[in-house]
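There are structures below to look over.
One chain, chain A, appears in both complexes that follow, with chain B as partner in the first and chain C in the second.
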Partner chain A sequence: MGKGWIGKVLRVNLTEGTCAVEKLNEAWAREYLGGRGLASKYLCAEVDPGVDPLGPENKLIFAAGPLTGTYGAANGRYMAVTKSPLSGTIASSNSGGCFPSELRYAGYDLIIFEGKSPRPVYLQIHNQNVKLADASQLWGQSTDRTEDLIREKFHGDAKVACIGPAGERRVLFANIINDKHRAAGRSGVGAVMGSKNLKAVAVRGNGGVEVADPQGYRTAALDSYGLLRNNPVSGQGLPALGTAVLVNIINQSGALPTNNFQFDTFAGAEAISGEKLAETYLKRNKSCLGCVIGCGRVTRLSGAAYQGSGEGPEYESIWALGAACGVSDLAAVTKANYLCNEYGMDTITAGATVACAMELFEKGLLSEAEVGMPLPFGDGAAMVKLIELIAKNEGFGQKLALGSYRLAELYGAPELSMSVKKLEFPAYDGRGLQGMALQYATSNRGACHVRGYLVSPEILGLPEKLDPQAIEGKASWTKIFQDFTAVVDSVGVCLFTTFAIGAPQVTRLLNAATGLTLDEEGLLVVGDRIWNLERQFNLRAGVDPGQDTLPKRLLDEPIPDGPLRGATARLAEMLPEYYRLRGWSADGIPGEEKLKSLGLS
Partner chain B sequence: MVQVSFYSLLRLLLKRETLALPWTPGLDVRQLLTRVQAEIPTPFLDRLLDADGTLIPGTIILVDRHNIHHLAGLATPIPDGATVALFPPGAGG
Partner chain C sequence: MQKLIRIEPSKCVGCKSCELACSFKHRGMFAPSRSRIVNEVFLDEAKFITVTCMQCDEPWCLKACPKGAIGKDAVSGVVSVDEVKCVGCRTCVSACPFGMITYQESSRKADKCNLCAGEFPECVTFCPTRCLTFSEEDKPLREKVLRFVNTMKDGQGEV
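Let's turn to the complex of A and B:
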């Protein structure tokens, strides 16, 4: 096995209670790199896409990249890959912190969980010593408490990834929390973990990561550090204000979805902005292992209504629990964010589902008696209460735990779910940003912002400013961004570095670490391969190209307010070109020739 | 009058959210920035503009919520009663 990769896969059969180490498939590692790409390859090879996501036949893969645990450019990420119970698509959720690097220091690139344990267990890894331990005392505990208890019982320096009560109860958007506050957030990967009776993975590693060309790697890493430190976004903006700096930017630009996408400007934006967070509850910033950016927010609430401490809220969480619900009470948003982390739930889907319920209520489709309380937009206390009910699977929370699509469908109004492929939108309205509209519609995991992030050129002007309302060229931009982020998610680098570094730097780091000889074009071919692999999984899972679409609201209802008033998503004008650039048929099916060129046939 | 709003690092740096200035005929964004700097003792233009006076990539200036990149850049005229929002480069997600 080449350097960069450890070369080992830990396979854990939860049904049998066995753990075995096997050699990493070297050919696959070279073609799919690691993380999202390599785990997707293993999943496609080992799991029938038609499987029940919460059944024992589904597998859950934790995958680091060949750069995870090295210094250089915020190289501390891993992916949790499985079939999503929320969307039915392939799921791959990304997280940072310290846990991913520790996995590599213990001597593993991937962990594959298969089957279902007959009782709650957690996995202990101390270098080559691996065993499944009883988790009956951990079951029911918050993510925060679970980590504390594992450190007391197993190892004081263990790094822990775990589920909370939401994952145990199969909330369809339960997440996996590591290092107490970092989340593999979307698509319900925590529900899959819960379905396997797997409470946590605890790792202690004393090894390291060898790179193929130490001097070349050192030079590439120092160059990347310099770019990150000297860039105004990664060197100044993100450390000082975190991701929440976007609240005012997106709101002023007229693309902040408000009241379940009924409006695109929010009068309460200033009150929940990053600037306001810095002025009120922020205590300090925090970095993942080896990161020079430090975008994490350490916060504390000590008011009369809400108390607590933790990390965040991040921009997407502020939006979902705030503007999407019409809530301008930053304390309520922060408290709801803490609850989501402690119970182990995706803040985006949680908030967006409450927002959907609020619209159902205001339209008279949902009664006060059924919810147990009035549910108007703007009611922060009700929003916080519902977050608790979801996690505890109590009362109306049981319906919210299904996500917005299934909730809206139950009340005969699926069009009020602001989602694609049953995954809820994040914090940017695709009517205002045409590239984002295309990205949302075509993303392999549904309405996701980190499968391309066209927000960067369309609003932020990075790497160059595009007109958000133009459609010309957006198909090409979307494909390139999708392919590049597939690579970033696969090598183990944080996506936020790409505000300062790009394909040239990632290529240098990857080649120096692994001995590969890719050029930038070759790097994007790897991304294209990963994208098509995921597409193949979805097609076989029955997610047909007809789902490459958007809610009726985005397609037919013009934005009613703000500078982008009158805009709708012009998806039909962009989708054919996108399919053509992908080398797919006019119906969105990858052809044999295309698949063959990528080694996928 | 013209209402100028400071966001992100500018707000932390200047410790103020807004500044109101009298409008004058022919006022454009470049002239406005110069006038704002003259009113505020803390240097801040280097957060928005390069040494040669062009916009730093990622700088966002909105005139009545419209990005000047898609208007006339720093030569964008400012109407009486306008609101101008200043954002140094920022990002997240």
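Let's turn to the complex of A and C:
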């Protein structure tokens, strides 16, 4: 195996209780790089897309990339890849912190979990010493407590990824938390981990990551750092205010979905903004490993109503637990964010599902008796209470633990679920941002912003400013963003660096690390290959192209307020061009010729 | 005055770029656990502490070495290990109260920060927040004194 990759896969059979090391498939590594791409390749090769996501036949893959654990562009990421219990699509959820790099220092690129343990266990990795340990004392513990207990028992310097009670209780959008506050957040990867009775993975690694061309790598890294520092988003906005810098920006742009997407400007935005967070609960800024941006926010709540400490809330969490629910109480939002992290569940889907319940309540489809309390938009205390009920999968929380789509369907109004392929939208209304509308509809894991962040050109003007309302050229932009993002997710680099660096920089780092000789075009072909591979998984899983759509509200109901008033998502005008650019049939199926050209047939 | 790596913990964001840069330069691989400089992240307290060898005026490691393998350069002040003389006995590792000299399995010798032996320190080059600086003057100390002085100043009424 060349440099860059460690060249080893750890395979853990939870049914048998065995751990085995095998060689990384070199040919696949060259074609799919690592992280999201390579893990998707393994998943597609080993798992029938039709499996029950929470059954023992599903597998869960932790995958670092060939740049994970190095410097250069915030290279501290890994992906948790599996079949999603929430959407039924392929899932790949990304996280940073120190855990992903430690996995590589211990000597592994990937861990593949298969089967189901008969009792709660956690995986201990100390370099080549690997074993499954009893987790009966950890079961039921919060994510931060779990990490403390493991460090006491196993190794004081262990880096830990674990699930909380939400994952144990199969909340369909439970996540995997590492380094206490970093989340592989979306699609319910934590529920899959819980279904396998796997509480945590703890790693201590004393080895290192080598690269093919050290001098070339160092120069490429310094070049990227220069660009990251001098960029207004990665060099100023994110370091100064974290991701929450976006609250005021998106609200002023008129694309901040409010009260479950009934409005697109929020009167309480200022009160839950990054600026307000900096004035109130912010303790200090924090980076993931190897990151020069440092968008993490360490915060502490010590008011009368809510107490706690942790990281965040991030922008998407502030929106979901705040504006989406009409809540402008930053203390309540911050508390709910802590609860989501401690119990281990996705803040976006959690908040969006509460927002959906609030609209069901507003429309009289859901009664006070059923919820156990009134549930008006704007009620921060009710939102916090519901978050806890969801996390515990108790009472009315049991219905919300299924996500907004299944909730709304239960009450006869699936159109009130603001989701695509059953995954809830994040914090940008696609009606106002046509590129985002197309990206949401076509994303391989449902309504997700981190598969192609068209917000960057449509709002922030990077790499160039596009008219958010225009549809011309958006299909092409969407495809390029999706393909490039697939590569970024596969090499182990943080997506936030891509405000400042692009394909030239990633290509240089990747080649210098691995000895590959890709050009920029070749890099994007890898992205296209990954995209089509995921698409094939979804098609075989029964997620048909008819689901490449948006909720009725986005397609038919014009935005009633703000600067983008009157806009609807013009999806039908963009989708055919997108399919054509992808080389797919008019009904969205990748043809044999296309698949052959990517080596997928 | 001696040029040293100056550390301001308040500017650190816990990114471990210093450990990555150090290990990449001196071990040929990204291996934070084998870095000469140490960046410790205290998650609960939200504190990030960086420590490295301060090139003592009277180094414990130097005094303890039975082979005379550790020297302090009269001009640069750098305390370094002569790998030819070092026998890997680890006496220096026991002697240093800060844990800033280690034994390396790969070289089977004692190993410590030598401020990159005359080149500009790699950890300082890669520190994104200027928590680390390399200078003769102790600027972080001066800034601390100024903060204190300003507090006193703010407490004074007009005379």
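Operating definition for what follows: the second predicted complex is superposed on the first by the 601 of 601 C-alpha atoms of A that agree within 3 Å, B and C clash if a C-alpha of one lies under 4 Å from a C-alpha of the other, contacts with A are read in each partner's own complex, and residues count from 1 in each chain.
Keep in mind that, in the parts below, contacts are C-beta pairs under 8 Å (C-beta built on N, C-alpha and C of every residue); 3 or more make two chains touch, one makes a residue touch a chain.
Quick caveat: nothing in here was measured; it's all calculated off a predicted structure.
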- Partners on chain A (chain B, chain C) - clash or fit: fit
- Query: Which holds for A:Cys291: it touches chain B only (first), chain C only (second), both, or neither?
  - Reply: second
- Task: Pick one for A:Leu495: touches chain B only (first), chain C only (second), both, or neither.
- Result: first
- Query: When the two structures are overlaid on chain A, which partner does A:Leu246 contact: first (chain B), second (chain C), both, or neither?
  - Reply: first
- Task: Name the contact category of A:Glu534: first (chain B only), second (chain C only), both, or neither.
- Result: neither
- Which angle, as a multiple of 10 degrees, do chain B and chain C span at the CA centre of chain A? 80
- Query: Can you give the closest approach of chain B to chain C, taken over C-alpha atoms and in whole Å, for the superposition?
  - Reply: 17
- Message: Using the touch definition from the top, list the residues of chain B that touch chain A in their complex.
- Response: 7-9, 11-12, 47, 56-60, 62, 64-67, 69-70, 85, 87-93
- Message: Under the definition above, what is the set of chain A residues touching chain C in their complex?
- Response: 69-71, 98, 101, 105, 157, 179-181, 205-211, 214, 218, 221-222, 225, 229, 283-292, 294, 296, 298, 309
- Complex contacts: residues of chain C adjacent to chain A: 13-17, 20-21, 23-24, 27-34, 41, 43-44, 46, 48, 125-126, 128-129
- Residues of chain A touching chain B in the complex: 231-233, 236-238, 240-246, 248-249, 252-254, 274-275, 278, 295, 314-316, 449-450, 453, 455-456, 459-465, 467, 495-496, 499, 562-563
